[in-house]
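The two complexes that follow have chain A in common; it is paired with chain B in the first and with chain C in the second.
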Partner chain A sequence: MKLDTTGLESALPLFGANCQMVDGFTAAPAFDLPTTLDFDGFQKEAIQMVKPAKGTTTLAFIFKEGVMVAADSRASMGGYISSQSVKKIIEINPYMLGTMAGGAADCQFWHRNLGIKVCRLHELANKRRISVTGASKLLANILYSYRGMGLSVGTMIAGWDETGPGLYYVDSEGGRLKGPRFSVGSGSPYAYGVLDSGYRYDMSIEEAAELARRAIYHATFRDGASGGVASVYHVGPNGWKKLSGDDVGELHYKYYPVTPSTVEQEMVEVSGA
Partner chain B sequence: MARYDRAITVFSPDGHLFQVEYALEAVRKGNAAVGVRGTDTVVLGVEKKSAAKLQDSRLSVRKIVNLDNHIALACAGLKADARVLINRARIECQSHRLTVEDPVTVEYITRYIAGLQQKYTQSGGVRPFGLSTLIIGFDPYTGVPSLYQTDPSGTFSAWKANATGRNSNSIREFLEKNYKETSGQETIKLAIRALLEVVESGGKNIEVAVMTKDQGLRQLEESEIDGIVAEIEAEKAAAEAAKKGPARDA
Partner chain C sequence: MSIFEYNGSALVAMVGKNCFAIASDRRLGVQLQTIATDFQRIHKIHDRLFIGLSGLATDAQTLYQRLMFRHKLYQLREERDMKPETFASLVSALLYEKRFGPYFCQPVIAGLSDDDKPFICTTDSIGAKELAKDFVVAGTAGDSLYGACEAMFKPDMEPEELFETLSQALLASVDRDCLSGWGGHIYIVTPTEVKECTLKGRMD
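Entry: the complex of A and B
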């Protein structure tokens, strides 16, 4: 009789794909590797192909009243604007948000996966919500296990849990950073300029929303790969709430209204002879 | 009936898994263990077999062990099986800390241990773990103390006070009669009183460990246990005298 030794296996692998994932997919992502002479070079090319696609501006920061999350809504393929109405702030669950930068499909899929397979199952099994720390760690571990396979994800996980507001930056290289302010994407340098100079911990929700909105606007003004609509969300103790979604073109004229210049000479109608 | 008790994956016609029940028998033969939950303290006590003369009790393995800084476990039954279960539980505690950056809750690790015990009742070629465990600890965030028990079938439940192992029924009866919400030293006394129902008195024969939220697990010294036992005996004697006293006058 063949002995069944499945019960004797060791417990969860200490790192790599979380064991909960094993039920959904095979234990390690396994597909036929392409037959090339230079596999490493091929991998590098695959990554380079996806790399420029982080054409976006997203930002998030923690302040007294919680976490403010904002993003633009433009999707570009090189010089072509493929969409002006992309939802870059993903609602993982009623008290956690994720931002999208990089490959849209990768971000959407893994955020949805995080919300249902990880966060919701954790809630059901443990009768309490998962912490922002835990959710971001699990996502980072999953992305790490796909390292080198061409995923392109630059996301921020923002939420409110038992310990208060939480903000983490997670990317497809497997990096994970905890911090009070982040901006991700091609427009992030411009957004950081406005965000860092205007930031104060004790702002009101309206002030923080205006700061986030202005930062996104300035990024869309200078960065060609960002534009569309500036969405602003707030995460508080009772969950997230969408505060505004303003077209950046309209925001431009709000911040810099057209002043009628003085006219030196007016053209008058010449009475017909 | 004999045909249905060899392999554990086979049910008997009247719905028994005999191997699991025999495992429970092994538990019933093990040393008594008691756990009591107070408002700010949780206490575990186990019966200690008196050490042989040449046995080096300084280095011998303690019976109440840490699974993490805030969780401890005592068990009754096959001690060798206990070692395997405890090692797996300790790894799981650290693995949980690594993947979610949070210590385990008592309920989570109890569920894990019970799940492990259940796995071995539904696999071919293995036998169930022959032990029941008492798991105590504090919730890492809310600080609420808990006491859980698991058994060889893989079920688990939360308790205010419970006992397992030899004569556990008598201990449980005593606890049911005498349990009330206690804290600190009173909880320790209640646990020792319960254990003394079935164990000869003396620090030599009892091992007690106390867990508090701030100080983690503390094993009581033999002298401390002796002191508390003396207190208990004095209280008992006083109660006896009080009972006899008024009756004599009347």
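Entry: the complex of A and C
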């Protein structure tokens, strides 16, 4: 029975789309072009609309027991906080996670697309799970083919496959990097400071979770565009598990409790005017 | 982001029964980065007159210093404190002097005038006075503050109730703004005492 690939055929000519070896499941889904007189101007405006949107803090690192993934939960539009409860860690499948930074719609769609159209189809066609390397490469190639069209995606693909834990950084410019530690978003410099100074390869799961939580907390403290809830997930040999979701406002007072201070000035009677 | 949103601020003043309260957030930032969480935005001119300055922090500091200078001269010459209405006119005049190169500030003036009647007013960055009978707001969280105050305000509140209402309105509004918050500062002024409190808020 031939698979129905009409949904996958592209109206736009993509690089390498005429290659026979792709077997019908790697071509990106087709999108209709908008009916405008000035397509380039429209694209420019669309890019500008999404541009300030990488207001977030996400991080992931590999350690002895697997991969730890953490993120905040704030969505901001310029100065306005539109939500404090956004899910920025996307569950691609039971053993792979993706993080969201940049345009929310872009990240959600492409992660779902990766999970259903790419990873699941690969599993069914090849009778074995796709590797983290493979999934991240396919996502990077798809995003590269949309380069310059205004997608805003800064994601990390974290998972556990036959070779052990895997972590890749993939962005909408088409970049793909393999590494042991990453942090993405406007709060990433603050998170890197805490993460890099506290990181050791041989940590226990609790220590690694606390490091991730602390790094996200410090980023939410300093960065205006990060806040809400610090979610921490762990990816182990049996798949991912959500470890905690702590409100950052309460974490501050847990790490720095308010102590009663000495009275500096007594109240003085003010003579009525 | 505009120049008014460079440092981030939230200011609100509210009228009660023979008293008033003025509150601000405590964050000083450079666009999205937070630099300080104990920035003083409200200043005392004299025991019955307070001014809060929102907007660009450097202009707020300079404007406050110029106003203090003018008030001290007034005290030397007139041998008394300035009335809040007079002070508001002074602020308005000082801001309009710079009509074609303005201070990027929005002041909130709150004081007790004759017969202990509370007086509040705000001006825009070039000195247009807006007198209000209930509350005035300023800063990047201004729109949220309007909504929160409108919903929670009641006329003729006693000082304790005024404190609760204003604190809740401020904290709720700054929780919807990336650029302000990180705690709160509130002054409750009655004819006999001035109470200053720090509010515990979300630090994100």
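Rule of thumb we're sticking to: the second predicted complex is superposed on the first by the 213 of 273 C-alpha atoms of A that agree within 3 Å, B and C clash if a C-alpha of one lies under 4 Å from a C-alpha of the other, contacts with A are read in each partner's own complex, and residues count from 1 in each chain.
Operating definition for what follows: contacts are C-beta pairs under 8 Å (C-beta built on N, C-alpha and C of every residue); 3 or more make two chains touch, one makes a residue touch a chain.
Bear in mind that the values here come from a model prediction, so they are computed numbers and not experimental data.
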Query raised in the report: So, does A:I130 touch the first partner chain B, the second partner chain C, both, or neither?
Result: first
Report task. May I ask you to decide whether A:E162 touches chain B, chain C, both, or neither, giving the answer as first, second, both or neither? Result -> first
Query raised in the report: First (chain B), second (chain C), both or neither: which does A:L138 touch?
Result: first
Query raised in the report: Can A:N113 be said to touch chain B (first), chain C (second), both, or neither?
Result: neither
Query - Set intersection of chain A contacts, chain C complex versus chain B complex - result: none
Report summary line: The residues of chain A that touch chain C in their complex are 55, 74, 76, 78-81, 84, 186, 220-228, 248-249, 252-253, 258, 267, 269-270, 272-273
Query - Interfacial residue positions of chain C with respect to chain A in the complex - result: 1, 5, 8, 29, 31-34, 47-48, 81, 112, 140, 175-179, 191-194, 200-204
Query raised in the report: Which positions of chain A touch chain B when the two form their complex?
Result: 1, 3-8, 10-12, 14-15, 18, 125-127, 130-131, 133-134, 137-138, 141, 162-163
Report task. Write out the stretch or stretches of chain B touching chain A in their complex. Result -> 88, 91-92, 95, 98-102, 105, 107-108, 111-112, 119-120, 123-126, 141
